[in-house]
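Mind looking over this structure? Questions follow.
For reference, chains read A, B and C in written order, and residue numbers begin at 1 within each chain.
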């Protein structure tokens, strides 16, 4: 495995191998000194062409804990503003011989394009409405820690499915590992052909949550087009906000997840977000371990 | 001591201990190779939600000279722009297990709030009009080097006292260590209750400077509200700009200080700023040593 | 040699010494682990007051491969926005005792001014329309690798000569090392006194390219004033875009260069840019080695 472009093109064994590898990195993250020399001398570029704190920081923490050299490129300071094409920018970065490029970009398929023209490893940190594979992997890692397994679970995935790369990557992963996914949201937010990915569809949040082991809420992303899809946030919240009442339809030991950043009171109620069934911050913590595992497997696997 | 939130809650012994610790770090900063492995493998996040070159750089230099891993978050690229609350951003950063968060924020009390919800050490790098403790510590370090003591000195503190966190932290520190502080400025820039902090108040700059050992000028901060407090910069300068004539009222060996960045010709005259009584650049140099001491005491004290 | 401010003040031996030193760094860049401890513990500040991806990244890669500590300052987050003068900002940075400051600035002569007031080494990473010495050095390195020599070559330099610091540095370098430079461009883009630098001038691109060993295209920089100099991009491209036809006037083994970022279809045609006579990406790769050499000679020469 040279790149991590998406979950769609991974098989179950590859997914499980990444998750197993992450266990030892979670252990490193619990030490007082959370740093190992594994990737010393290697260069990793974080190229975020969309704003991000959490994901960029999580990758940078993973890189530095593995002793790699980190480089940050944000779009505002980049050559893109000088009219250069993205592929020319990429070839120029390639000429500096990095070992890995982590890319977030508003255009779906950008990481795949870069993987074709660059020699280094490419990690997709979110491309358009397409995939966000490390998010799905850290979600799966979190589910497995909580439930002890990834198969036979009932997962409710709620929100703007159409515009969510997180949804798409999670659907690929959870169906590959044998869980049952039900997606729910306003009809305008559910793509017509989503059933082809092996999920059940409902427009009724109660039906989606019913007997769920996992309730995974998606962010209502005003910065994307999804704002056009429903009258207003209050209207959305009235039907789809995860509160005590809606969650009461799930299994008593149901786990609540959210990729963040969350809009409190829109897609998730304060009580639930801060409650004891929420693993939202565990997701973030596990994200560092999972990204360390991915970097290790792509860049350091042969050495060690 | 786990956090450095302000000077107000420190006692004299704690202040003197930080200043004594800084001495050995000043020595390191004079070596050819200014780097020690003290904090190797620890993670420090510089979270600056207000623009800063000097303070952010000073902290980053301190961190890297102690071999810590530095992370920079500027507000424009942060999740805050996606509508997440600051406390949620903080909890997310906490989940990545940093050892220290350095925070600058326009809202007073932000560092204290973060100290309550995060596990890592918090250092206040300036919160609203409240405190900027490392600035007061580096000022005290500079005074002590110059005058050999921190008690019994007459200090004039001039400018927009109402909107200055630097003033507030310096007043706390200098009164705790036994110096006599006189604040001066236009009446609109002096808070009514400032006398409660143990300072003398005057609206006459000559009276403040008279027989002073230390003349500390504050920045007129157009980016804050203080612009509303006086007719214009020229009017302000006419009365309060520190020039040869005004400084002639101070002791002959008086020391001139400014936290920077300075507005030349507004609060301080070129001749004075660049003259031999000014220690403005020594303040900056000492800032690195003092911040190394603070980081060492908060993060590394137990190991060494 | 303490600073690298421009090519104009270097002699041929100094230039050749930098290029020879770069050879061993190119070799390091071809290893699996591209990192050496040469500058461990030294601090290098990248102060880019104009947007840049390529050059800033190239310097940062060079610094980290030499194990220096890198600091990045972009103008938007800097004290300049608070009304501080550049020389005050510089003196403040100096007080933190960096070993080197790399400066890009829109005002010609800025690096020279900084060299006069700061103690650390200054590297000019592009000042106004004046010089960009590391670009000329990496171009020369690339030419030498390709042609085996720097003297007796016929070089065509085409585009907006008046507003190009790349042109100016290359003209200085190539005339010092004994090559023959012809500059070409619209009459509005050729400064009247350019012949004094020892180049030939033509307004006919074919004449410039005729029998050239090297065809070096310049970027049409819309972000500068050059947009005012010709009717529109299409008009410019019609006469000066390097395509198969224009390049056919050069020697059959002519080498095509561009400092990037390129405007495809404006100053250079896709076929040529991506063709086998283009060394544009080699230029970028060589840039890292050349910058490592410069940093080594300025900062580490005495130690090793």
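Convention: a contact is a pair of C-beta atoms (placed from the backbone, for glycine too) under 8 Å apart; a residue touches a chain by one contact, two chains touch by 3 or more.
Model, not experiment: these values are computed from the prediction.
Shared contact partners of chain A and chain B are C. To overlay chain B on chain C by their CA atoms, one rotates by 120 degrees, a value rounded to a multiple of 5. Distance from the chain A centre to the chain C centre is 40 Å, each centre being the mean of its Cα atoms.
Of all residues in chain A, those touching 2 or more other chains are 76, listed in ascending order. Within the complex formed with chain C, the chain A residues making contact are 40-43, 45, 69, 71, 73, 76-85, 88-89, 91-98.
Every residue of chain B that touches chain C in the complex is listed here, in rising order: 29, 33-35, 48, 51-54, 56-58, 60-61, 64, 74, 76, 222-223, 260-264, 281-282, 284-285, 287-288.
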